[in-house]
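The chains carry the letters A, B, C and D, assigned in the order they are written, with residues numbered from 1 in each.
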């Protein structure tokens, strides 16, 4: 779960990390009032879960009320990479002499947390990581002990940040790490952490992503969750609780287990077709879930052919078949052809149950995929 | 021979009184697994699926001389259950539970690294030595005994590959579903080491998927340390970059790794044939047997 | 630093451990008001840092106002093992069906914390530990991870506490451990934890000792410190910051370093004398500290002979000599004989500085002790 | 030969810019110790006692190729300094600092147990190999080179015993002040192991005191593992039970241990003569040489 910038900044600020003065605004009038209150120059920032907001026109610096009015008017309501902007953060523009990057995440390869510091903040840090990896100091943290103060200092000194500011920056990094732990974050980042001429620090941007699996014990953060989808199908998948990604092809795919669904997509591609989506209904899927999945795929107007691929482990073939029959019971004839392949637990029972007047049943994965691709081509 | 489990493995089930725990404890027993006890705090003295339940894992292990555990404890309590299991020096702990917070797992594996225990999972289908014992939720009837070791990050994809093998009459020594979570106990390399040391395992089928660098690291291990032939399948060739993780994760994982291409290239460079389809990995396995 | 029972109970209660209703009282009237407020029966407990208060008459159960009046009157103002009682805790008497013991401390031999549970609470737990050690379940805790919930449960089940109450008792134990960590305690104990017929738990006594070395980061607890001494000399030692224990002999001993001072005491005994005190002035002792130490020993009317034994490491012999000269400058003749032995860093310079008209200087430890014992015997 | 330190040991001083740190860094250098750097956050680039100061221990160790550290950092910051030292894989860390919170030390020694580093202290006078190097605050001029290893929980008592030895012409291989805190890095047994393995150490003088069970455990080790003769002194024979620790501590430490009598009995049973006076331990040492 991603926090918006304004939410992450509130969390950071509560933990004692300095952030610039800011207000959230949903209208141009609110934005202008905020700017007048804070004092110019101010930055106007779209609050959407999109990377590269600046380049996409979602961030503007304004030096007076007129500019702010214009910027707020253009950003509020805009469509940013498919996301509708309904809120902006109006924030004091900090006069900085340097911009740093601070980040904490899980190093999946090590299985341990890692704290990172770079003096090359304020830019696309992934590019820095690729082009000059040495510019990012990394300090692996033992999750049993948490970050030791010396580790925060070491990362800062290793990043070439010395002098009086080193103490403040290490302190912010240690706080960021503790927040990352306390919030069950997957990632916590400040980019940039601005250094002012007076030697102060301020978090000018804030990223905080929370581990979805830990939201049960983070009720305050869970409340901040705001569903944001680029289209109705993604919204529907969210409501149904499916892992769903919309793709550009026309073969609708439903399966159980991420690996098997990915392999099915790969096979569709292998046999010359193009998948319309990734949809994992998960383990132990009951009839209702199966019906919901079919409903979703039928609702996608790009889909010309549906492939249903279930390998039963916990999921039982007869349950799946009942779900398919239930979902299809409303139709005399299907709008688009459906191929079903059942294997594993109770697969034979399932295949016997299926209304074969409506769906085509295949016993092997390869045959099922080929048939679905053929169906899609026949319609295309 | 086999790895990790066999007919003599004495198994306890943590969370045996829950719906999933009871269901799969019965399934394991039906398969022939030597399930000796359950462990659920506050439920000591009960009997579930024909085995006694104890309040603590320690008591279950001590009284029933167990050497392995399967964990069906709900995610919020699962890390504690894993620490409890690790504290009893079991040989094997299989964590079926899905949805354990990642930071919990980082602590568990930190502790794991100081023990001799093999932890498989979490979020995994389990481990099976066909005709001897299964620990987890795998559908036993698709497996058959034979010379192929199987290791996979995916559940249902494993079943698909096993089905393909079994249908050709190619049985398995042991199949290990290591799980697809970011932090897991047994990695590809750990599993490959076990198979390499097992005399009955004549070939290894390895099913990976996009994300992480575990397959790339396994490729290095195979090239330098393994005599047993390996064939692989990598799911996710056509997956779009999709919804990226945030910056920090991307920085750490580095560029150029984690994609299907980088994994397939690494495996091919290690001399490992990678099937284009689940049938092709079975072809490759048949070739080397 | 020891907390009083009433202080420890406040800390426990704040952390969510159930404690009986209670009030602190400094007068009989306050005690009676508290009893009437709480409702009878109530227990009256002397708040002094003394073990075995019950046997010594410092705890009484009262069933009505008259009894409470009498008990409060007798306990307030009493002398309990040398400590003056100026406060009592008036507390609801809990009707219990069982009494447990819970404790957390550092296992010095393992170098790790240990959590303990026994079903044999309410009695002298040290006796239980000696006579039936198996009656106390012990669970070593990894200080890097803290106590795992399973460990608290395991200790409780291992102690033979089952049934519905096991969950509550483990929860109290886990909380007690966390408190022990958060408070930098050396020991945290509940004895007894009472179990009521209704299945509730209540901490009927509370022990909490804080690591003196950690008080700097425990400001709230440090504020609770109440100096309590049985006599003026101990008070003085506290003010001067000396490690001081009053003993029954007549040879006053001043030295630097606990081991050396103990060895000096042993030697006094070895040569037939009896030490009047243990006084360690610590490392790097400056002149003023030396003068304070002499002041203390002179103030002890049991002392007939003083032995000053300093082996310089950080402590410099010339500094010590100046301190001795300064302390003795007020005397034309000393009230009691003083033997000084200096060794180590700047010992020769020190010995040259000493006013040998007043003190007797010895170069070896054995000679110095023998001389001091002789001096004491000459006076006795 | 000697143990832990010699003339080649390259030493850094953590906390070198503080009063004690500077004073004793100079003292160590005067004694001939090869002090190569100091480490104090925020003070990198300075020079103290003629050696460069770095912001981090890692940088000091890397730049100056150090293999040991002496820690004079104040107690509130000392545990962090020790973790930092342990993280650089030094061979030896000597913690002079007095008054480190006990729970901090429990964490430090938890980490220590996973490393190969020797931690001496805290609250200790240090380690000295006469005429070669001293790490700590010991008064160097009372020590002399020779065949006796010395290990002691007490500072000034050590000096007393060393003085008695040196005055008789009996020199020392190395003297280790392990410190008297409840939780320390190097125990008596650890030190005895080092001396047992050292060819030049012909006898060991061991100075204990009341409290804990370290001496009792050392007695067992001496009886079963040591060929090198040991003589001991135990301070606190006449100490009254005094102000007891609370119940919990007493339960854990158990009854009948920790007293001077239990320690002396255990050592005598292990064949170790225990001197009644600091002179007698020197007598015993002379006897066995």
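Note that in this section a residue touches a chain if its C-beta (ideal position, glycine included) is under 8 Å from a C-beta of that chain, and two chains touch if they have at least 3 such contacts.
Quick caveat: nothing in here was measured; it's all calculated off a predicted structure.
Asker: Chains in contact with chain A and with chain C: which ones?
Answerer: Both chain A and chain C are touched by B, D, going by the contact rule given at the top.
Asker: Please identify which chain has its centre, taken as the mean of its CA atoms, farthest from the centre of chain D.
Answerer: In terms of C-alpha centroids, the chain at the greatest distance from chain D is A.
Asker: Using mean C-alpha positions as chain centres, tell me how far chain A is from chain D in Å, no decimals.
Answerer: Here the centre of chain D sits 55 Å away from the centre of chain A.
Asker: Centroid from C-alpha atoms only, then distance chain B to chain D, rounded to Å. What do you get?
Answerer: The mean C-alpha positions of chain B and chain D differ by 48 Å.
Asker: Just curious, how far off is chain D from chain C if you go by their C-alpha centres, in Å?
Answerer: From the centre of chain C to the centre of chain D is 27 Å.
Asker: Going by the touch rule set out above, which residues of chain D reach two or more other chains?
Answerer: Residues 107, 111.
Asker: Quick check on chain C: which residues sit in contact with 2+ other chains?
Answerer: Counting only residues that touch two or more other chains, chain C contributes 142, 144-145.
Asker: Pick one for the touching-chains graph, please: line, ring, star, complete, other.
Answerer: other
Asker: According to the definition of touch, which chains form touching pairs?
Answerer: Per the contact definition above, the touching pairs are A-B, A-C, A-D, B-C, C-D.
Asker: Which part of chain A faces chain D closely enough to touch in the complex?
Answerer: 145, 148-151, 153-154, 157-158, 162, 164, 166-167
Asker: Across the complex, what residues on chain B touch chain C?
Answerer: 41-42, 44, 55-59, 77, 80-81, 83-84, 87, 107, 111
Asker: Using the touch rule from the top, collect the residues of chain B that touch chain A in their complex.
Answerer: Result: residues 75-76, 98-107, 109-111, 125, 137-139, 142, 152-160, 163, 180, 182-183, 207, 209-210, 212-213, 217, 233, 235-240, 242-255, 276-279 of chain B touch chain A.
Asker: In their shared complex, at which residues does chain A touch chain B?
Answerer: 2, 51, 103-109, 111-114, 116, 125-126, 129-130, 133, 136, 138, 142-144, 181, 184, 186-189, 191, 207, 209, 211, 213-214, 216-217, 245, 247, 255-260, 262-263, 265-270, 275, 278, 283, 311-314, 343-345, 365-366
Asker: Name, in rising order, each residue of chain C that touches chain A in their complex.
Answerer: The touching residues are 142, 144-145.
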